[in-house]
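As structure tokens, here come the structures.
What follows is a pair of complexes built around subunit A, which joins subunit B in one and subunit C in the other.
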Partner chain A sequence: MKTLQRAGLALAAPVLALVVAGIITSLVLVAAGDDPAAFWETMLAWPENRSLVNIINEASVLYLSGLAAAIGFRMNLFNIGVEGQYRVATFVAAYFAAQAFLPGYLNTVATILVAMLAGAAWAGIAALLRVTRGVSEVISTIMLNAIAVSLVAYLLRKVGSREGQTIVTDTVPQSGWIPGISLFPDSVTDMYGLVFLAVLAGIGFSVLLNRTRFGFDLRATGHSESAAVASGVDVKRMVIYSMLLSGAVAGLIGMPNLFGVSHNYGSTIQTGIGFAGIAVALLGRNHPLGIAAGALIFAYLSEQANPLGILAGISPEIIAVTQGVVVLCVVIAYEVVRRYRNKLEQRAVAEALEAPGPSKEVTA
Partner chain B sequence: MTVSAPESSAALVKPTAARSYRIWIYLAVLVIALSTTRIFTGADDITSSGTLRAAVIAAIPIALAGLGGLWSERAGVVNIGLEGMMILGTLGAGYFTYHYGVWVGLLGAAVFGAVGGALHALATVTFGVDHIVSGVAINIIALGVASFLAEALFTGLPGGGPTQSPSLDRPPTISVPGLSGWTESLEDKGWFLVSDLAALLNVVVSQLSLFTLVALVLIFGTGWLLWRTPFGLRLRSCGESPSAAETLGVNVYRYKFVAVTMSGALAGMGGAFLALVASSGYQNGQTGGRGYIGLAAMIFGNWRPTGLLTGSLIFGYTDAARLRSGGESVHALLLVLSVALLAIAVWQLIRGARLAAVLAAVVGGLGLTWYLRTDTIPGDFTQMTPYVMTLLVLALASQQLRMPAADGQRYRRGEAG
Partner chain C sequence: MRRLTKIAAASAVLALALTGCGNDETGSTTGSEDICEGSSGNGPKIGLAYDVGGRGDQSFNDSAYVGLKKAVDDLDASCKEVEAGTGENDADREERLRLLADAGFNPVVAVGFVYSPAVATVAAEYPDVNFGVVDGYATAIKEQKNVADLTFAENEGSFLVGVAAALKTEAKNVGFVGGVNGPLIQKFEAGFKAGVEAVDPKIEIQTQYLSQDDPQQGFENPAGGETAATGMYDNGADIVYHAAGKSGLGVFDAVEAAGEGYWAIGVDSDQYLTVDEAQKKHILTSMLKRIDTAVFEYAEAFDGGSAPSGFVTYDLKSGGVDYSTSGGFVDDITDQIDKYKDQIIAGEVKVPTAP
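What follows is the complex of A and B.
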């Protein structure tokens, strides 16, 4: 009964948030003179097979991005710089892979490691500034995002070659490609072969946080820094480690696409994944399964919104409003539920204390 | 945080005076350094009135965003949603200016920004959501709302499109008749220091946008309001120690709400400045992270109006330098920066801060080597100048900064110990 109530409360927040976000989106549509009914018809239609594959691919990438953000969030460290870390890492990885220092899949594995290192290094700048100079990681990572965009553009121009409208790095040798997995015979797109990378990262995240000393220290620091310090946690070291780890995971974001589809880094690289990852992490409450749900919801919304312009005459931009409102509503709803739960617990404690009898134990 | 009760406003007056006095010395050193560099490198544009005017135009939106941050953080709410509120401001300015003229446009931008601010206040103050989390969410929403509504509002208007408004009226400018021509001719002489100062004066007396004046009034008005009135004292007490303020009968929620809403309005006006003065209409993605830079300027300015104005001018200047003969100007600035960093290294060494000294020396040395080995700086690097400057400035200045004691902390009424 108790656990049922808890689970109900935990689910109430996101469901409530989705409903409110839906209502607000509809209101915005009405205000702009669009037809909400047509919007919902398009959004809630069962996705085609091609779209389903896209949703899975997009979600796996968002999931990695969300994990990267969540590692920092769990200890109140706001790595807003996932976007920059992802770009730097993907570029470095694409360049490294194209050099083909190693044969076949060894090259792939090495490249993934290089990507993690590059992402960690870029995040490390913010970590160093934070622990040595006291610069807030929020500001520094935002600045590093902007710097990353220009830096990568510059380097790309140095080492890349022109291909039509875009500049691209050399192609990764074919022996290292990870072929897609065909889910439906009629779908033109395949599922990323490296989807399992996201799953692995999720499991790793869960184990690290819940089964290791490091994870305990990380969560302890997030809950109460002073308590963590009192129990011997070196907070500065934790800041550096978790920032590096966050950057390393951010480095993975570009891998499924690099080895599965694009095989090079081009100036048309998908942008905004880093920011979406932050939203996804918030939506999933920094919990590995929650983030997965958040990533799926975000990917679903984005994919389903694509035909809005053609089918309903509504600008697909509306979906950014929905996504943002969902995030804000979810964090508010979690807060409301937390307060309600506290109140319930207080009441339970009060009742238990008032109740006469020998058993004064409280299981709150 | 074991910062004791907030310093009284009387105790804060002195450092303010001392600081603003120091600012003039810094400014003098800066002008002399830039003038010397101009003569030495021949990069004439680093102190031309064109660059300086562009610098002011680039600085004001940053300063207004920073001022918004100041209101909010002085009341104890971190506002990373400034970027989003600024985006809403550009949209409001675009829509209302097109239909009702520039002044209604400014007001509309403030109202749009204030809506974003009120949303942030609702989430953080009323519901106690983490400030950064709410700010990030607001940035996402604002970006979506602006691009969606822009398509709905501007498509089909003459010269407008789904991502931009029609070309809009500029706010009026003022020039002082005699002075403006005189300073211009003096500037053209190219004399050491004299011409640079003439260029500086020229910016003030020639083609000064009325919006710039409004912004300056807001900045100094904020300084007066927050540090010289009972309202300001109460507002700041909410940021220093809300529970103490509560025991004195201050309605902390209300003050925070007002401050954060005002914060949004100011950021929105920054957006209006971007859309109407810095360019000729609304465009998607116009803010380009200036809300964040405003936040950095405010931190650099130690949560004070004059400080944040200084910070904004530095960022505005680097931004302008890159836009006007960027490669050459930024190349010359690289020399200034490297020499300054080496000077800081020596100074830190004397003070005994070895780590900071080494850090400054390494960066300065690298900068100097880069300067000597090249003639110009590639466009991509000039583009990152403002951001690199932000990082450098924060890295060097952050030790001496003191943010409001309860900034960013969750506050619940009645939970005072």
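What follows is the complex of A and C.
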């Protein structure tokens, strides 16, 4: 009974949040003069196989981004620089891979490591500023994002070449490509070969956080910095390590696309993944499985939004509203459920104290 | 931890909300005037896919819409417009094109070079559907019978407004505001500079791009356009030419604030016709990029059973680019501008495509 109740409460928050978000989105649609029924019909239709593949691909990338943000969050560090770290790392990786210093898949492996290093290095700037000069990582990572965009664009113009109206780096040698995996015979889209990177990163995150001394220190510092210091945790070192780790994971975000689809870094690279990752991490409560659920929900929403304009005549931008409302509702719902649970516990304790039977246990 | 969550949630929601707001304006425009809603002609079924922003920029995308409208009126076409979301990748764009093709739209016109890789992929999957890409380079990726890239000689048109600016500037100082610093907008810059220098190499030219590679910041950013143009006027320029889509609306706000004796030059559409009344007296001319012609002619050719393929270039010679005379501010110098125009058409003057 007790476990059932606990499980119910754990599920209550996300379900409550999704339902409320759905109601608010419907209200927005009605206010804008659109038809909510058509909206839900399109959104809830089972996606075509090719869309399922797109959802998985997008979710894997969002998941990596969410993990990168979550590592910082767990430690009370607000790394909003995932976007910049992802851009710098992807550019450096694409450039490195195109040089073909190593043959075949050795090049792929080395490139992934280079991407992690580049992402970590970019995040490391913010970490250094924080521990040596006390600069808030919120401010420094925002600024580093802007610098990253301009710096990469500048370097791209130095080393890249024109392709139509865009500028791209040289192509990664074909021997290092990771071909897509065909999930459905009738689907024209393939799953990224590097989807497993996201799975590996998730497992690594979980093990690191729950099974290592480092993970314990990280969580302890996140809960209470003073308590962590008192128990001998070197907070400055933790700040540096967790920022580096966060940046390294951010460096992975661009890899599935680099080796699977684009094979170069171009000026039309997808933007905003780093910011979406913050929302995804929040949605998933910084828990590895929760983030996966959050990434799937976000990917599902954006993929299903595609037909909105064509079939239902509704601007797909409404999905940005839905995503924002979902995040807001999740945060509120968890707070509501937390308070409700506290009240339940208090009542349970009070009942236990009043009841004649178990009072012995209490005194005992 | 909980405080952090709140801050994070607030920022995330704010970011998403701002994305929504930025595009809300275009959403409402789409609602007020929509040629596609209720269009049920027996002519071609045209699917038009916009890049970020969609209709309402009074420039690039709106020009494509004019062409679409003409196709509905003249060819009895029916149509569907679709907007892009922010932060998309090629997979999203491919899916949009597939949905249009699946829904029976043919031809499908993609507005913006960013669609080129997606069209190159999807056109191979739908050999019976014709795809046109405005500003595209899909042919360069993969040559296909059912793909046409509708490109423009923006450098030639920009040359002419550069000549106009050089002849009209009293401060001997002009400016150029570009959206995203890339090969496409550099064509505008190169042509404009060449035009100014052809008249008087001593004129100072200020150049500023709003973004290095973010289309949102480059083309959807009137505030940035206003800041950039205000800086140029403060720095001594009296004429500013913009090639920045919707951000150009900010350039017009700046010229209005600068007051008498300051000019702005529009782009893509004849912007004298669409700006606020108070700004009209500042719009010297506009570089016309006839996306409307390109879209209409593509649909017309398709209707006639001979949709083009490969690169189709619209230049001065074919009337694909030009300069506007609305407002009559350049009436006294049209002779001189047209002299350059003839020389370019005759091939005597070669206009560079990169600065």
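Note that in this section the second predicted complex is superposed on the first by the 352 of 364 C-alpha atoms of A that agree within 3 Å, B and C clash if a C-alpha of one lies under 4 Å from a C-alpha of the other, contacts with A are read in each partner's own complex, and residues count from 1 in each chain.
Criterion: a residue touches a chain if its C-beta (ideal position, glycine included) is under 8 Å from a C-beta of that chain, and two chains touch if they have at least 3 such contacts.
Fair warning: this is a prediction, and the values are worked out from it, not measured in the lab.
Of the two partner chains placed by the overlay, neither subunit B nor subunit C lies in contact with A:6. In the superposition on chain A, A:302 makes contact with subunit C only, while subunit B stays out of contact range.
More residues of subunit A are in touch with C than with the other of subunit B and subunit C.
Contacts of A:279 after superposition: both subunit B and subunit C are touched.
Contact with both subunit B and subunit C is seen for A:154 once the two complexes are overlaid on the shared chain.
In the superposition on chain A, contact is made by A:323 with both subunit B and subunit C. In the overlay built on the shared chain, the residue A:211 is in contact with neither subunit B nor subunit C. In the superposition on chain A, contact is made by A:315 with both subunit B and subunit C. Of the two partner chains, neither subunit B nor subunit C is touched by A:236.
By the touch criterion defined above, A:331 reaches both subunit B and subunit C.
Annotation: subunit A residues 32-33, 78, 80, 150, 153-154, 275, 278-279, 282, 315, 317, 319-321, 323-325, 327-328, 331 touch subunit B in one complex and subunit C in the other.
If you check the complex, the residues on subunit A that touch subunit B are 28, 32-34, 78, 80, 129, 132-136, 138-140, 142-144, 146-147, 150-151, 153-154, 157, 275, 278-279, 282, 315, 317-325, 327-328, 331-332, 335-336, 339. Within the complex, the subunit C residues that touch subunit A are 1, 4-9, 11-13, 15-17, 19-20, 23-24, 27, 30-31, 37, 47, 80-83, 85-92, 94-96, 98-100, 103, 113-114, 116-117, 125, 135-137, 140-141, 180-184, 211-214, 216.
By the touch rule above, subunit B contacts subunit A in their complex via residues 80, 119, 123, 127-130, 132-134, 136-145, 147-149, 151-152, 162, 289, 292, 295-296, 299, 355, 359, 378, 380-381, 383-384, 387-388, 390-391, 394-396, 398-399.
Interface residues of subunit A facing subunit C in the complex, by the touch rule stated above, are 32-33, 50-51, 54, 57-58, 73, 76, 78, 80, 149-150, 152-154, 156, 162-167, 188-189, 222-223, 257, 261-262, 267-273, 275-276, 278-279, 281-282, 302-303, 305-307, 309-311, 313, 315-317, 319-321, 323-325, 327-328, 331.
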